[in-house]
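Here come two complexes built around chain A, the first alongside chain B, the second alongside chain C.
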Partner chain A sequence: MEILQSWLVAPFTYAFMVRALAVSVLVGVMCPLLGTYVVTRDLGFMSDALAHSVMPGVVAAVLVGLHPLWGAVPSAIVIALLLGWLVHSTGLSADTTIGILFAGLFALGVALLPLVRHVSLNLEDLLLGQVLGASQVDVMVTAILTAVVTAVLYGLHSRLLFVSFDPLGAKVAGLSATRLDYLFLMLLAVATVTALQAVGIILVISLLITPAAAALLVTRTFEHAMFLSAGFGVSATVVGLYASYHLNVASGPVMALVATAIFAVAYAVAAARR
Partner chain B sequence: MTVPRSIFRLIPILLIVISSALAACVVAPVEAPVTGDGPAAESQPLRIVTSGSIVADWVHQIGGDHVEVSALVPPGGDMHMFQPGPQDVARVADADMVVMIGMGLEAGWLDQLFEQARADEAVVISLEEFIDPLPYLPMGGAGDAHGDEEEHEDDEDGHGHDEDADEHHEDAHGHDDDADEDHGHGHDEETDDDHGDHEDADGDHEDAHDHHEHGSEDPHFWFDPPRVRAAVTGLAQAMGAADPEHAAIYAERAASYGLELEELHSWIIEQVSVLSAEQRVLVTSHDSFQYFAHLYDFEVVGTIIPSLGTSAEIEAQALARLVDTIKDHGVNAIFTEALTDKLAASLAQETGVDIVVRLYTGSLGVPGSGAETYIDMMRHNVETMVQALSTQ
Partner chain C sequence: MASVSIAVRDLTVAYGDTTALERVSFQIDSGQMVGVLGPNGAGKSTLFEVLAGLQPFACGEVLIHGQPASGNPGALAYVPQKERINWRVPLSVIQVVMQGRIRGHRWLRRLRPADIEIAEQALRQAGLWSHRGEPMASLSRGQQQRVFLARSLAQGADILLLDETFSGVDIRSKESLMEILHTLCDQGRTILLASHAVDQVEKNCDCCLCLNRGVVGFGRTRDLVEAGVIRNLVGTV
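Let's look at the complex of A and B:
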């Protein structure tokens, strides 16, 4: 018993571990909540594409001496709007449009990278992030972001749901699907690139997609899935952080692996029920 | 939005998932966390964490059993690819002293780690404080670096250090003969006279941090044994300041290690003397050999990756220019690290250079590699280079 206790407590005698826990639990709630919509609407690769597509903006920000986030957030919003506009005006699928923007903008970012060589900007640093390096500011920014995302999703829930599952019906009912789509994409974009800074791309994508997918497998209603996916998200981050401490492995990947394991179990449960 | 009763059916599933994951972790081997609450010996060893394995070896040479040293990036690891685990971060948080190379080498995540250590009031030593660095000139492509070496030396208006590589050079020649018998014992006094200007050892951390942003100084000074000697001397003083009880021992061990470094220096001079001036050209995977070239009269005619990082994309033009340079200079060996093997191989094919040799550049070798210490690493590198370059 004593061993278990020290096993549970020891990691959090360090301030950086407490900050890491706070940030990852927050992201573990926020991403799966968004993720339930993301998975339902087949926007799974949106966040990965975004993380790469904001590169030119990041390079520009660093070039004029600003924090990368000042480049990442505005360009994420612009890209989200551009994406929505392209889908609506061309009739191409979201998937195709994401592919076009992702490749083009990421390539532009890589081509521009030599411009900022003197400040040693590493691609890996931008994409991998480091939950263990989360600062006080990261914790606060993530907390605010989580609150905003939760509030917006709660406030718009019924309309978002309507638009997501029955776009035509929503139109008939007089709901502007376009405006809601844009709003959701922007929310997703800002959440993705901000969380990215704190916890890295692997964890953001993993938490955005995997818990929601697992939850949708084992629940019957959308609301159940939202709650359960947030529960999965939090479990993945907490268990993952413990595991990563005791195995001394980088934390983001371990949390993502736990999320994957949860999905596997959910799949088994769903299969057993059939 | 109310929570329907049926949601509670899911709770057992969640519990099973969590507990099985926990169980998996408990079963896995648990390394004891490095915390300082062991039995209170009368003198606790000084706990030092270094960024890489080369610096860890220097700390070990100076501190022996009186220090507990560990490197964040293990032998064979790449600084640029380093992904720390929580216990690595914890080691830094627990350390009495953290030693890094500085000058932008510990970029990104490592730098962030050391910022945290600084905030935790650990003594953070950046070895750049003790040496007189060469400027780092990004090579736009092959060939740009020719002939600039002479100016570098003069441009150095320095930071209050007046170390001079050439001075050491002479020095080393002078000690050539007796070095063999001497090393490893006593003989501290005579080697110390030109290191008197290192009193400011831990005074200018802020300064050190500034350098990182600019990346204007070349961090790869470990290819220059006399500069390493200066760094080791300064490091020993800093360690002595942190652990006054053993300060004399550290100074003594640093001095005798200094003699070994001097011996290494003369050994290198002797080894490379078999190479003609035309043979002393280097093409390396990234630009880490300027100090070596400067000290031992080599010319780095090209580097495959133009920047310090290992991740920069290579411009097609730069690569094409490098191919031309290699042909122009009749280079017959390309020196590489594991990272860029593919590029080096295609470059070798393109230019007809048939020798691609792996050197230890950023870290010591793994156990059994014959490059487990700094001195062995340098000997291995020099032997490999001389052999490759003298093959015609």
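Let's look at the complex of A and C:
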């Protein structure tokens, strides 16, 4: 019992672990809430592309001495709107458009990296996340962005659901589906860059997609799936954080692995019910 | 005397160099059920999109209750083809019907009790109250179409656009759907029914609009049958 208590409590005698826990819980709630829409609307590739495409923005922010999020959030929003506009206005498919921007901007970000060698910007942290390095400012920014995303999502839920389920019917009923799509992409952009701290560019998709996909397997309504996916998301990030501390491994990959394990269990439960 | 519900004059719609509709003119009174017949690519879906104010057109005039189509959001409701729905979104029957009341409700506010009452009443009218909590995806095709009809009723729309509503629906469900549609027409609602099911249209629609990019025939269904217009078009349907 004492060993278990020490295993659970000991990590949080360190301030950096408390900050990491706060960021993990916040991101673990926000990403899967949005992820339920992402999975049902088939926007997984879009989310992955957004995460990769913010690299130039992050490098630019660090270059002028700002917090990386100051570069990541605006550039993610611009990229999301640009993606939406290109998909709506060109004859190219969504996947093609996303692929072009994703590869081009990620390559630009990597090419710009040597410019910021004099500043501490670790490529591995950027790609795989480093929640243990979260500062007080990171916690506050994550809390504010999570609150904004959750509030907007709550306010627009029924409209977003209508547009996701029956876009044409929603337009005929008088909803501005295009405007709602753009707004959703902006929320997705904000959530994606907020999660970079925890799981990094490569693994952010695991928090957006995997908990939501697992929840959708074992629930009957969208709202139940949202709540359960948030539970799965928090479980993945918190268990991943403990594992990272005790096993001395990078936090982002462990969080992604735990999320994948949760999905495997949900799949088994869903299969057993059939 | 019935009022004019839809008036279309010299409507032409083009996508780039391709003309989807050319000089289409017709007029529909309130309370009519009009079958829209035509082969694939005849412009039925384009016409529906124009009526709903979603599709810009090169020239002509489209009036819904005497006003431009785009200035009348909510006056029309759309009953979609199954293929147009994203079935990955798991919604219950009552959630879909409640969508009909969304336009009037503000951000961060729940639906008002009056809106909920209207949606519930619409679902009862469609005869599916006992299925209200069931997932949409678990219903039969005919039941799903009745739910979409209930949503249109909840929306308060008095013009319903039905796109291939009978496709994949069994005979009993077709009859039950037709019964609801006739009741709605008796209540003054105008129904446009795009369909490949010519027999269903001949049997149930007062009027027919035969399209093949332009208007091939428009008038009383019986007259168009007798003149052979529908038979000629059916050859291409």
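Assorted remarks:
Note that the second predicted complex is superposed on the first by the 240 of 274 C-alpha atoms of A that agree within 3 Å, B and C clash if a C-alpha of one lies under 4 Å from a C-alpha of the other, contacts with A are read in each partner's own complex, and residues count from 1 in each chain.
Heads up, the rule we're going with is that a residue touches a chain if its C-beta (ideal position, glycine included) is under 8 Å from a C-beta of that chain, and two chains touch if they have at least 3 such contacts.
These figures come from a predicted structure and were not determined experimentally.
In the superposition on chain A, A:Leu216 makes contact with chain C only, while chain B stays out of contact range. In the superposition on chain A, A:Ser244 makes contact with chain B only, while chain C stays out of contact range. In the superposed model, A:Phe227 lies in contact with chain B only, and not with chain C. After overlaying the two complexes on the shared chain, residue contacts for A:Ser89 are found with neither chain B nor chain C. Judged by the touch definition given at the top, the superposed model places A:Tyr154 against both chain B and chain C.
Residue contacts after overlaying the shared chain place A:Gln5 against neither chain B nor chain C. Among chain B and chain C, the chain that touches a larger number of residues in chain A is B. When the two structures are aligned on the shared chain, A:Phe16 is found in touch with chain B, with no touch to chain C. Residue contacts after overlaying the shared chain place A:Gln130 against chain B, while chain C stays out of touching range.
Comparing which residues of chain A touch chain B with which touch chain C, the overlap comprises 154, 219-221. By the touch criterion given at the top, residues 4, 7, 10-11, 13-17, 20, 110, 113-114, 117-120, 122-125, 128, 130, 132-133, 154, 157, 218-221, 223-224, 227-228, 231-232, 235, 239, 241-251, 253, 258, 261-262, 265-266, 269 of chain A touch chain B in their complex. On chain B, the positions that touch chain A within their shared complex are 1, 3-4, 6-7, 10, 13-14, 16-18, 20-22, 24-26, 28, 30-31, 33, 35, 80-81, 83-90, 93, 104, 107-109, 112-113, 116, 138, 212-215, 307-309, 311-313, 315.
Interface residues of chain C facing chain A in the complex, by the touch rule stated above, are 52, 54, 73-74, 76-78, 80, 84-86, 88-92, 95-96, 98-100, 102-103, 105, 107-108, 111, 135, 148, 151, 155, 161. Contact residues of chain A toward chain C in the complex are 39-42, 154-156, 158-159, 161-162, 164-175, 216, 219-222, 225.
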